[in-house]
């Protein structure tokens, strides 16, 4: 029974893995697609994670909620072509960039939901990287764009005015499953931003620190990221995204590309705190992948809460969650209780474990 | 009962998430720590993933196995200090770099397993980033180094010859939970490399392509990654690592930092294929995190198979798995059956789903 | 007299700096804009530089010349705007991206040669980076786009539907005077590529090595660059570009942004060598800057040789020169005479110096 | 005569290039090596450059001067070795890292001034990058480390316990002549930092803006750099460094690697401005290269002014100059007179040119 249930999601099935799910929230968000108070199911085995995100979520909600905006969307497949010469490569590139309509027609034979939106060619010597951008509707879309790109390759094979020596369906220029600087210039999935303003009083009461200290921390941490050579500068996007992706049947390997972006904190004119996050590569969907599995679907239902959930709203929720995590983490680092939280929790959990063992 | 079982792994527990586990292998490895044939439990909801890694694993095994080596290990916590002036910062940095023994003593009060191995200070204006490197034994070690660094901060507070304005336990210089160029200059967790040689015949029989074409693909894909601004150049490290981390109770958010590295393919003098992968940031442990949960422990037991499994061996297995994934992916892209594999699988799975629905 | 001559190029004039100019070439190029045999005036104080580039140029010429192509052109200024909120920022961004015609009209009041070609807005929380792309004709164009962007800012101030708190003429997103990954996704000045095929015999005769060894070197050096965290992978673009920029009155500080790109070497099917370079950020012009100064103009005349020289042709010549430098450097490293060349030259020059002193 | 004079600096000599030199300053600095008031000779053909740096220098001086510190020094050569297998590579790496004394002895046969200070090996599959760090005394040192590394390669050839297939003197891992993230983790030449505190009054009087606005600009520009994918975040290091390197006989191609670093601005508690720059890769020397040429030596003498100038002091002066440039540029962008300065200057210069023509 289980084997059959999972047949579309895995091969060589040997059994089930069980992970605990915790609930973080409520988190009030006023986005362009997501609006209201949300509870986030987070699947993780790392102690303190749910508590930290929940603290951040409640802080934001108490401050009146966060704003969020979907800024761009699209998924790229980037086939590569090897030619005999630079001249051939340049001619092909010029031709291909004019084929958007024809390529879109070819792509449409493979999907009713996805649409080719742009074609761009990058020439490097006698090589061409052809970036095919797709709108993927409610799907995260990696498989959709793979099949569509394959159809486009067949169209190219039939109609190319320039013969190539080799064609590869993906030449590693799309940023699939990896952090890439290119995401900031383009988009990888959905680009979202979220912001909140927290009053001086709330920062003191809930985080035991001051906006000045958090702004000072931000300056040091932003440069810390730059010195370490990260792509973007942020704290712990990966933690919340991995837990939410897992719980909601998203492809958790995409954390490699999604956990990239910008966190910015500053002091406001009235002595409060301004905080914003921007994520250029949120890869989520409400259909496909693991979204149809029972516990994952249940988590999606918990998250949607107040009604149907679009992929765009889900992307905005990812940004809001990331913002909650940054505020909580930076608050803890500024109050000096980051280690203490871990230590207390560890102690508490040792006791809990003993009880379990005794039970 | 479940709630109690998960008490040390999560807060606000609301239920369990169930993921299917598939088995990839066998994969023969001759490493410095891992030796023998291994079967990899992979937890994922993405169709084709287990099949692809299994194909790569069997190819390697048929070719006589892969070599692997642990090249470095250590986990860094990087507290940050803000001073009044550059002069104060420079004086503090000079002092701190001489305190390795004292800091190690402070750290040792928090852990019996971890050891401080190095102290390095980076000055930026009146800020200092203090990189504290730890040996973390069988643990992945993020919590261990957090508690140890906290003890060192207390020691610094008591003995510093230069007063600072602010101290933060982590100033975002360690690369924790994010891809960072710094990983190549240092190490993040464990640095491992693996290599295999595949004969021309095997490439033809198992991958339906040629070593020449795979070497050509590598050149294009390596530059594709460079043009996209990735850290390192590789194909799909994230897929295998996420699935293995999940199955084996590792912190899956670490995929953000672990899925970075180098894949290199070249033609050998006898017309075969040489392939190598190098991962500078494998964050794994055999204790702590989710490793004590029942299904995760069972997966670790399946993986260890032939006996006890050390964290070092686990890291080498990650490299071997990554190598298997790269060979299978690149093989599919070169044979032109990457999309076909996805399409066939999708079709097959639609049939399977219909059967499930009918059942 | 000199003071007056330099009045438009410098302030607080105190005297003249004298640099030697050497000639490298001939270099045969078949580009889209540059065609024929060229001699490159290179100003440098680094021994061996001119000799190395000249050797590479002659090798290419002997092999029948290199192809070159101008792939894109444009210079960006990126003003930044700070708003009260993300919502305001997003509204402004949406408005601004529709103002290309109006902004172009505003820009046209400042320049008869430059043209605004595209407007793109990037939102990060309540900040907006507005990328204004210009065609700059025969100029390198940094000043042209500064004045044009200033006019656009005034137009924005008069017509913006959303009030901003701050506006800055350049918010560090354009890549001006620095290496930036963004250059590969866009263009910075002119994007050019050049390639050559060198026969096995020529490699042996002129470089004392083999195509196999050079291809092997390339694989190691490409990954060496990736491991070091460079933007692009190449060897010594900076050497030739700095010497040519200097000689020809270009802004030599632009070497920071121009010395970025890709070098690729591979073995051809007939056992020869294929080599290509791609530079996304060549910042050159035939008017403005130092191009009107006497010795710089003389160098431009030497370079143009066979007739008038356009900025596009100059950019292609930069790529051809870079290719010559890479072939010579890699050849020397493969033949094992890289250090020897330096040592011999040093010895020879010590002798020369003694003669000078005696004279 | 000229030909002979330049014999050790160039080949295929055809004539002299003349560049104007302007003077920026005075700039007061309290460094670890440079102390006093300095006047900077800057060679450039870009109008406004000297004026801008001079304005920044005078601002710093009026504010009491800047502090500066040399934080690290060393130049790396990174030979590469290709082995048959990963096992061979790992064995060689382990051996090589223990040969510091022997390698230093080999190196000492080539130079009386340079010293090998560290040896580090990076293994990637069957390849090894061997980073050889040298102290280069008063020289910038690229040639010195090349000859020394060549001697070490000969020592390795004689004594290696593991046979390699290929050895290359430089495998592109040293960051020579290119911007590289690695510079922050290591050093490239000399790492220096400089800082200044400017009172609110001075900011208003000299820059026509406020510390708040400059701090706001910094936040936007720092993130602008991150979004553009620069290495480090700064504004115009390249302009001042190129002009100073040129004037003082340094290798101006090194601007590619030197114009990387961090600029940080913040509001101080008393409402003033704190500004700091950090440059990890200043490649300068007081001997060798073009330092012996007449006009370059004269410029070095002008710069040293108050006495002999060491390479360390020269490096600190580079940081101080960079700081001056950042303050002036950011001040102009905040006061809204960045474009105006260029326009006025252009107008003034057009007049000047007419006078020249009439003369």
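Labels for the chains are A, B, C and D, by order of writing; each one numbers its residues from 1.
Simple rule for what comes next: contacts are C-beta pairs under 8 Å (C-beta built on N, C-alpha and C of every residue); 3 or more make two chains touch, one makes a residue touch a chain.
Values in this document were obtained by computation on a predicted structure and should not be read as measured data.
When the C-beta pairs in contact are tallied for B-D and for B-C, the bigger tally goes to B-D.
Judged by shared residue numbers over all numbers used at their interface, chain A and chain D contact each other through mostly the same positions, with over half in common. To fit its Cα atoms onto chain B, chain A must turn through 180 degrees, a value rounded to the nearest 5.
Spacing of chain A relative to chain B, judged by their CA centroids, is 19 angstrom.
Note on chain placement: the centre of chain B and the centre of chain C lie 38 Å apart, centres being C-alpha means.
Averaging C-alpha coordinates per chain places the centre of chain B 36 Å away from that of chain D.
Each of residues 122, 124, 127, 181-182, 184, 222-223, 225, 227-229, 231, 233, 262, 264 in chain C touches at least two other chains. Touching chain D in their complex are the following residues of chain C: 1-2, 4-24, 41, 43-51, 54, 78, 80, 82, 122, 124, 127, 129, 143, 146-147, 149-150, 166, 168-182, 213, 216-217, 220-225, 227-231, 233-239, 241-243, 246-247, 249, 251-257, 259-260, 289-290, 293-296, 298-299, 302, 333-334, 336, 338-340, 342-343, 346, 349-350, 352-353, 355-356, 359. Residue ranges on chain B touching chain C, taken from their complex, read 181, 184, 219, 222-223, 225-229, 231-233, 262, 264, 266. Chain contact summary for the complex, chain B toward chain D: residues 32, 67-69, 71, 85-87, 90, 93, 122-127, 181-182, 184-186, 193-195, 229, 262, 264, 274, 276-278.
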